[in-house]
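Here's a structure for you.
Order as written gives the chain letters A, B and C; numbering starts at 1 within each chain.
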């Protein structure tokens, strides 16, 4: 059983949902040594998140941004944590609804993603800056 | 450390939430060789998802379907991705809210689920068809 | 590759969101033997959940409780599963929105949490009682 790990920083992206499947694969070339196993991607932040969804039509990612803005409102007068910007508390909530990690099986030497699955970086802040990921793969 | 993996296709199920704990256990009998470890179930789709919840009363699963239909509306005029059916974009959103994998510890040779926990397949489409799962267990 | 596992019961906590990072680390001191690997925390219940979010300002956790109460209403007349208390069905729904496990990479012998990340126990019931966790770490 082998384990490989890499920490990378993705350059700042605009608020919204972004495909990062290629960046993840490129960051850990040692993954090629694994025939059966896993790749986990973990984001070390609380106002951005990771999910897996449709990898083809960019309007899906735009609808994600629209939808999560609708259900997690900014400037809700009930927020107590309101001093880091209107986008801050909603970003924390969205991050926990979507999650801070994804784990993808490796099968026959490749990420076992479905045809239409891609990894999304979900940037919930207006100016989130670079985002740090820990990518780990293990298996045999 | 041993690792076992199996890809299976679950036959088409109606839109809604379905218990699949037994199907998962049956699909990977080699799990019996693991005393301490994990079982991960990963769904290779973006309009169906997996979660763990109450395994006894079927009305819980019906309330899940009712609730997620309420908060993720069909025919929202703000959807841009609207040409694959009214149920398509909502299905993508629900899939990311619930997630595409579950990972259960194996303890003393058994899935360490709580008494009331079962694995749900969450079918978000009206006619989703068969659903492909990758089931992987590892440990010692 | 080594694997360590521990089952613990956290004492009953009030409804709301609670930081438990320290309890998790304390429960599995063998984690110190792992340089690169993972720690998974799994909750064996369907009306409490786990997530990772901001570890500093307690108002963030209060806003989590406020927000999830807003979007997952109690006493929705459409609930069919309504005989275990007003807080029961909403608790199941919140538990699946947030998830029943978190998995954190271990890097250079430590949990690779970001500066602001902590593990939350999300208690969705008014009187949930003690909560059982299975904590597993593995790696080399």
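Please note the rule applied: contacts are C-beta pairs under 8 Å (C-beta built on N, C-alpha and C of every residue); 3 or more make two chains touch, one makes a residue touch a chain.
Being a predicted model, the structure only gives us computed values, none of them experimental.
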item	value
Copies subunit C and subunit B - interface residue numbers shared by over half, same or different	different
Rigid-body rotation angle, subunit C and subunit A, from Cα fit (steps of 5°)	120
Rounded Å distance between subunit B and subunit C, as computed from the means of their C-alpha atoms	20
Per-residue multi-chain contacts in subunit B, two or more chains	1, 71, 97, 99, 103
Touching residues (chain side subunit B, partner subunit A) in the complex	1, 3, 5, 7, 40, 42-46, 71-72, 76, 78-81, 89, 92-93, 95-97, 99-101, 103, 132, 134, 136, 138
Sites on subunit A touched by subunit B in the complex	1, 36-38, 51-54, 57, 59-60, 62-64, 66-67, 70-71, 97-99, 102-105, 107, 112-117, 120, 139-140
